[in-house]
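First subunit A sits with subunit B, and in the next complex the same chain sits with subunit C.
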Partner chain A sequence: MRTSEYVKQQQPVNMAGVGFRRWAQALSKGKGSGISALLSGCRAASGLSKDSLPGPYPKTPEERAAAAKKYNMRVEDYEPYPDNGEGFGDYPKLPERSQQERDPWYQWDHPDLRRNWGEPMHWDFDMYIRNRVDTSPSPVPWSTMCKQLFGFIGFMLFMFYVGEKFPAYQPVAPKQYPFNDLYLEKGGDPEKQAEEVKHYEI
Partner chain B sequence: MGAHLVRKYATETDTEPDPAKKFEFDPQFGFAERKEREMIATQEQMNLAQLPLEQRDYCAHYLLKLMKCKRDNWPNFLACKHERHDWDYCEHQDYVMRMKEYERERRLQLRKKRTEAQAQAA
Partner chain C sequence: MADYREAPLATRPKTLDPNEYFNLSPEQRRAEEARGAVRANLKRQYQLQLNNPHRKELIEDPALTRWVYARANPYAHFRPTNKTSLLGAMFGVVPLFALYYIFKTDRV
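Our next item is the complex of A and B:
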């Protein structure tokens, strides 16, 4: 009989912690939804029924038809994700297009989401809302945009390089400063003798 | 305007002086005697006025006069036109001297090239 956690040496154990662990295990095994599940461990009738939730990958044509009906799709349109262990089950694979690409003038049931009631939702629907990822085509071909941007940046970098190689300067000698080119003011050692710098009028 | 750049990078690349490098000719060369530049403001005065290093040049005494005038006449910001003009004129003359130094160096470089060419030809 397990009255405590796995004990190597005789360590004291928090009985409340053990009780919490058992309750959490019971919850995870139970098929609950909502607050009622947290409290009692069983499902409320107001939640989705078992047959309207996503299920395993459909193998037979009947299963495919049932899954298409479940998701409100035509059997011809229904295409599940490939069954390669990623865990999509029978969820439909919808085109990877953002909501921004949909007709802005059509009277959608949810105008902001550009979606009608009952329409099957994309797996990444929350990503494809209009505030987030947008797959709409660019106004100018992508290659043109890339060429223009990188062409400009490359040209500017080249010109900066040329400016470093051949700097433009005024045809004047450097400015002359007194006191041996401000030896002390620039932090020169007062003990040491500065090298003599003389300036003349011209 | 820019003729020196054409000379430096295209036509006379070996003789045109580079202000970033030290000029190589003796300051007394070609002159009978040269007058030294006179520094009027002292180091102590410039320190007390907390002048930044770039302004501690041979015109600092005019700048110190201007600063005193401005401080005395604040808030009348139109009061120190004469002092400002004096300082500006001094800086202008300093700039003209710089231009003349550059030109002297350029002509000496050309002369050096000429004498070397003659020595070669001879």
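Our next item is the complex of A and C:
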């Protein structure tokens, strides 16, 4: 198909028409369905070629070797994610280590990311940058830290619960008013003698 | 610190790692040398491009391109299995119905 285009054509060709015709042909015999077939029919030639982009899970040893070479890794070091349909393909499974753990004194190509050019990036690279998740060794064992933190929080929660159940406060009584419970102020008859109200006991 | 135990978010410090002291067989050393050779080659490529006085454009990193491509196209390698279907249901279907039910029944 490509050799026929090499023949010099004298009459001008409408490239848009050619492109549209090729797109319709690709759609009709394409394997995809729906929007993905409409949109991803072709990729720009300016990017990487298809054999240097991530692909499906490698099944044969030759595929594994090719994938290791593609990702700039040794064949022994290359280990893809298990093929359980979660969308990883042949992407390598690198150790789950944050960038904070890497040597701060080595001359990295990108010092803030502590990464060299061309080095295979972890699937969760954007999680393991130095501003985010950090897996460096803790000064105290993790279990000790967990026990201390959750022990303290649990103890405080328990004490607050107990305090709700058994409240302890100053003794209070209903408010007491003078002048026989404010007999006159509440509109009692001034001629009549109000009943004596005593708020104390001796 | 002899009883230091690792955790998913806390690795073993290098000074407590037994591999630093015991696994020094020739195979290990050869492996390290091979890794160093790969690294040196990549460094050389990068430095050549970086210090090229005629370079006018950005240095493109194929590893970065591959990472972006891999993260953007997981559906190409997706397969419905028990686990993926369960995850899809938990994140996509259950919240829909649960939130609908909660919003409709629990009124302040």
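Quick note on the criterion: the second predicted complex is superposed on the first by the 103 of 202 C-alpha atoms of A that agree within 3 Å, B and C clash if a C-alpha of one lies under 4 Å from a C-alpha of the other, contacts with A are read in each partner's own complex, and residues count from 1 in each chain.
Rule of thumb we're sticking to: contacts are C-beta pairs under 8 Å (C-beta built on N, C-alpha and C of every residue); 3 or more make two chains touch, one makes a residue touch a chain.
All values derive from a computational prediction rather than experimental measurement.
A:172 contacts which: subunit B (first), subunit C (second), both, neither?
It touches subunit B, and subunit C stays clear.
Just checking: does A:199 make contact with subunit B only, subunit C only, both, or neither of them? Give me first, second, both or neither.
The answer is first: A:199 touches subunit B but not subunit C.
If you stack the two complexes on chain A, which partner ends up touching A:101: first (subunit B), second (subunit C), both, or neither?
It touches subunit C, and subunit B stays clear.
Please work out whether A:137 is in contact with subunit B alone, subunit C alone, both, or neither, and reply first, second, both or neither.
second
Now for A:187: first (subunit B), second (subunit C), both, or neither, which partner does it touch?
A:187: touches no partner chain.
Who touches more of subunit A, subunit B or subunit C?
Counted on subunit A, the partner with more touching residues turns out to be C.
With the two complexes superposed on chain A, say which partner A:47 touches: subunit B (first), subunit C (second), both, or neither.
A:47: touches subunit C, not subunit B.
Thinking of the overlay built on chain A, is A:89 touched by subunit B (first), by subunit C (second), by both, or by neither?
Once the two structures are laid over each other on A, A:89 reaches subunit C alone.
Just subunit B (first), just subunit C (second), both, or neither: which does A:116 touch?
second
Tell me the contact category for A:61 with respect to subunit B and subunit C: first, second, both or neither.
In the superposition, A:61 contacts neither subunit B nor subunit C.
Subunit A residues touched by both subunit B and subunit C?
Touching subunit B and subunit C on subunit A: no residues.
Where on subunit A does subunit C make contact in their complex?
47-48, 52-54, 56-57, 70-74, 76-77, 84-89, 91, 96-97, 101, 109, 116-121, 123, 125, 133-138, 141-143
For a test of understanding, state which residues of subunit B touch subunit A in their complex under the given definition.
2, 4-5, 9, 19-20, 23, 27, 34-37, 39, 43, 46, 53, 56-58, 94-95, 97-105
Going by the contact rule at the top, pick out the subunit A residues touching subunit B in the complex.
It is residues 166, 168-179, 182, 184-186, 198-202 of subunit A that touch subunit B.
Under the touch definition given earlier, write down the residues of subunit C that touch subunit A in their complex.
Checking each residue of subunit C against subunit A gives 3-13, 16, 31, 34-35, 38-39, 42-43, 45-46, 59, 61-67, 69-71, 73-81, 83-84.
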